[in-house]
């Protein structure tokens, strides 16, 4: 029972439709790669996050069952690591680096400006669902401090105006 | 022998520690011969004396006036005793600290009145009374404290022991005589 | 593959490269990529093809060229010319200047101390080879160390060589690598593991990222040698998910190495077999701690457990496990190729070899450097680093990340090695070096690091879980000018408690930034406490107290 | 007795080797695989602990059981440290006691421990430790986090205000009951014990309702519903009993 | 120029208070304010806690009458469970209450008020306290201390602890009565009786000296409320509420405390932020009423115990109809002590009181519950709401001092007008203002459970409710 065979029928556990099934493909592939062993949990959660954008509760249950990991353990791992999110992200994501070089270079001030200018703080999504703001511990781009990532694109030497401007554009208003 | 001068006060608390003090019962009469109460809810002095040997402070610091009081008391007391769990840990009064002051006031004044309340939480304001601190906190977070007497309330035996040691000119060691929540 | 095949591949690759008169190296490490080096490379390729120069001139994506401030960087390998801040619009000028006088306005002074003073072992291939082609690595003697080890040396001899080199772990604590390998080799058990810690967590450090992005095979080779020496047949690279490019290149490199047969079964036709898998970290600094890292590879939360037993005896899935970091493994191949004695000839008496540092902060030349151990801080900051920009005063250099300390000007002439750093209250750490000028408030810096440790504390042991929060609160009170007279004493008391009683290295070293700033920059604290004023003018008084 | 080999077996220790060493000037002997804590207790020397509970795997996390060993600069957690021949252990030096007090004080500041109105008042390990160590007040500022009570379970409730994160509940549920309903979410100061996917305990799909977690909890965090203030007395006898029953070799009833 | 006199703190009361008296240009008292200067927030801080912690939490409202809060809370919880406590539990709860009345009334009379009554309103303030009494009237002081101690010992023997015992629990009590303790209590009764009879006699002799105080200590007509048993006799724990008018006519009887909101409303005035409980049918502010010892003796048909009934009859002889002056609270307190000692005697004689079953066990069955008892200072109401898991979502507490706020503030003005003129403000005059407050024995610890911090603004009005003026 431990190895072999496809995981339990996915669509039964996961809420809706074939779109979801397609998204599950990567998840299933990851689990199969590790023969559904429990230690694949973190890798699988990466896969879930990649294809769903966040860790959806039903998918977590599905993963728990497939890998035979207790539900609470799955939740514990999902909340222990900062890479994982239990909330759906906004349309766009903005990551501000708070590594030492970036902090010394003024990334704290950028976060302050975002709070004042756009009313968002780290870990939150704007009320219009357009932009999620995240803080990175270090992007490893210290030479470009302060650095940030806008929808996957690393940008260096940021300042508050630049960041506000980009976010304003995403949200459809001027700054 | 000169009497020890004593002040007692209660801040944000229930007065139970003072009651426990009275629970030393007949020893109160003995004590009256050796201790002079200069300031207390039990006597009529209106202002805190310039100096007392020992002050018992019951209660957490919950308002600006409490804060001012402990500063004065510290200033004018030889030995300051944090008297009971509220003074030592903020205890039950500290349970409000989980909520913002505005919420606590709103529950009591705006939300709990039965007729259609004329007051909403936005119009709530207070005057002529001391402002509330955001949290009720232990006395030693504001001033240095010499002796801690835990318990809710501290048992009368512990209080009696405190006095007998003080009268004997010793700094009492309260270890094992009482505990948090006793 | 056998050793002859390896040489053959290297020869072919060499001669192929020599066929080009010009090789343009475009930096495609994350730093330069984010300044547009990807587009630049594309434009160069297109333009070369358009002009029909492609048999004569070749464009190559390479790893980090080091001087990240000046990106995008490119180098003309044969001419020894560096261009900095290159834009797509510069492409035709560059091509036209090939073979003639260089484009003056783009020239990056290669003679500057930044390049001159470096000694490159770990970074020897960085910026010179295409990290996505194993052949290029092989052309630079790549996998030669492994070949040598498995074919001509016994595992014990390999370990002896490593011990002879005096190499110490580059991950932070500086534990002698040979000793660590020995204990894993000696540990009983048929199954053993080798783990490469590539979860570079220090904010302000990016050496490991650069090495993995620029020269991933070097790490793979180092791990394979370690596997041979310790008797392990399975390796894991635990790499940060935040480094997508590094992950991609490592995966590609593993694929190539397996295909070529330098990984897998019967490597170089010997009985030695070794495989490597990639595991992604998920954003937890504490996973830099060995036992936490192991827990994470096992699919659990990265909470450290008390040691002993050490991973060398009781590691991944309870088997003896060797854990070294990226830079340590990267040192191994040349060390084996050239011998431990050669390596030991570099550096100081107790700290051998070179060290890669990530220079950042208030410094002219930010980027990656590699210098011999024992180079002075002054040389690094003012000579190689080019000093402090905008005429500001130097205030401190922070080494070792959140576990390190802030070193003041009075120690600038100190040689940088493990023991000297420890003497002043800091650590080597993984090699982050953040320079601060007079506009930094050291209380605020301490607060920054404590915030980091607080949110990275795993929460297992009480002193670290609550201690970091209490210390952070005090530092917030101080920077917010809300502190009381007892706060300094309480700060010192809590730091001492955490150092002495925390379960793992994170908690034990988390007070270091506070302790060093208290020691060397006490005035910054006192001014906040007594005068309610920030000496550096950096702290907003109204900063909220959490 | 090893009931959970994964977590307890130390391959580097030899259970048959007998060692002689000193604890607090007293010469004692023990097997190599007996922890210093357990040897001390067998010899009537008490070392305070919070996360340790006989019958559960060790975590070494509360740090209250730290002891000094002569010649070793670091303080060692006695629950996971094993003796060596001729080791000299000091269980209650001034230094150690002062650290224990501070750690305990930190625990008091971390959550909202209002002893006076707690179901475990008078029967609480945290409170008893405070008495034992002579803690008259907490020197660090209280954090007063805003935490909830989950009373959705029909028989038990969990009050996060009183949790010290010893994780005995997690371990007993996993190691003895085998349900693994409990675990710990988040990290650092925001860690919190959870049931299943952080859902109300009452809606847990995995909880068997056995109540072992309640009985092993050192404080009033886990309690039986309806027990009033000071009434929650924990019963832990089941743990050694279950250990014994599960560890025995022969099964005396016909199958 | 108008002048303000501030009396702060009000001493020898239980809690924090302050009085300000405003004099007009002619030195006449024009206004007075009574401030409560403390705030605790119990109605909010219990939110989210399990209902079964409420007796212990609300005990901490007051260190003098924790028993009353525990009892009211226990009853509110009984209602949430929908159970009746076993007979022994009911008997024991009443017994516990007797202990509390004895100690609390003894405290109020001997420790706090006897200095005024026996040393004199104008005595040296430095001596005018319990130590002064110890010096001047050592016998009486000893009696007072002894009586309070008896009360506290009874509480301790029943519940294990004198203050905050956490012994009252939802559905009953936490432990049955020890037979040995019953014996000890019975042995204490004769001494207690002796003391109270001696003190009553002493006190009655002083009435003549306090004619002025009687005349001015909130001596005006109001309604009264108190708890009575099925026969209309005095009851503190398990009765129903009765309300009478100023003439003594019963206007509402046998009120189930759960319906308190049909009779009592709490007014909120935008200008004062203080809740004013009032008798609902009369509206606000005409619905002024008083609670407490004198009010209870005013509303009941008798005490139902032999000695107390005699004293009650004598007490009610003083005036035709209800006694209006709040000075008589002192008198009523002594009679209630007597009543409680006799009640104890009766309760201890019940065989059922030793029964082992003292607790009805249930899960919450109702989302809401009201508990009501007579605390030493007057009617105490706890009203809770819980969610389906039994966690508190809402609480409302009406404490004795709350009911009396309107009467107290009008009383302050009355005393101030009589004894204070600008020309000569004696310490004794100011002490009388405080003594009026002491007569109510306000428990500000209780009343500040929530409503502290509120400036108390007094309205001047005629008995018919016409407002003469307000600040």
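The letters A, B, C, D and E name the chains in turn, as written, and every chain counts its residues from 1.
In this section, contacts are C-beta pairs under 8 Å (C-beta built on N, C-alpha and C of every residue); 3 or more make two chains touch, one makes a residue touch a chain.
Remember, it's a predicted structure, so these values are computed and weren't measured experimentally.
Novice: Going only between touching chains, how few steps reach chain E from chain C?
Specialist: Graph distance in the chain contact network comes out at 2.
Novice: Smallest number of touch links from chain D to reach chain E?
Specialist: Step count on the best path from chain D to chain E: 1.
Novice: Count the C-beta pairs in contact for every pair of chains, then give the pair with the highest total.
Specialist: Max contact pairs: B-E.
Novice: Relative to chain A, which chain's C-alpha centre is the most remote?
Specialist: Most remote chain from chain A, centroid-wise, comes out as E.
Novice: Can you identify the chain nearest the overall CA centroid, using each chain's own CA centroid?
Specialist: D
Novice: What's the chain with its C-alpha centre farthest out from chain D?
Specialist: E
Novice: Counting only Cα atoms for the centres, state how far chain A is from chain C in Å.
Specialist: Centres of chain A and chain C (C-alpha means) sit 25 Å apart.
Novice: Where the centres are mean C-alpha positions, what is the separation of chain B from chain D, in Å?
Specialist: 35
Novice: Between chain A and chain B, what is the separation of their C-alpha centroids in Å?
Specialist: Roughly 51 Å, centre to centre.
Novice: Of all residues in chain A, which are in touch with two or more distinct other chains?
Specialist: 73, 76, 80
Novice: Would you pick out the residues of chain C that each touch at least 2 other chains?
Specialist: Expected reply: 284, 301, 456, 458.
Novice: Going through chain E residue by residue, note those that touch at least 2 other chains and give them in order.
Specialist: Residues 57, 60, 164 of chain E touch two or more partner chains.
Novice: What chain pairs are in touch here?
Specialist: A-C, A-D, B-D, B-E, C-D, D-E
Novice: Please give the residue numbers of chain C that touch chain D in the complex, ascending.
Specialist: 188, 284, 286, 301, 305-306, 308-309, 313-314, 318, 454-463, 465-470, 473, 490, 493-494, 497, 500-503
Novice: Quick check on the complex: what are the chain B residues that touch chain D?
Specialist: Interface residues on chain B, with respect to chain D: 82, 85, 88-92, 94-95, 97-99, 135, 137-138, 140-141, 145, 148, 150, 152, 174-176, 179-181.
Novice: Of all residues in chain C, which touch chain A in the complex?
Specialist: Touching chain A from chain C are residues 30-31, 33-35, 67-69, 71, 200-206, 209-210, 241-243, 279-285, 296-303, 358, 360-362, 366-368, 398, 401, 432, 434, 436, 440, 445, 448-449, 452, 456, 458.
Novice: Would you pull the chain D residues touching chain C in the complex into a rising list?
Specialist: Residue list for chain D touching chain C: 6, 10-12, 59-63, 66, 74-75, 77, 80-81, 99, 102-103, 106-107, 109-110, 139-141, 143, 164-165, 184, 186-191.
Novice: In the complex, go through chain E and note every residue touching chain D.
Specialist: Touch residues, chain E against chain D: 48-50, 52-53, 55-57, 60, 164, 166, 169-170, 174, 361, 363, 389-391.
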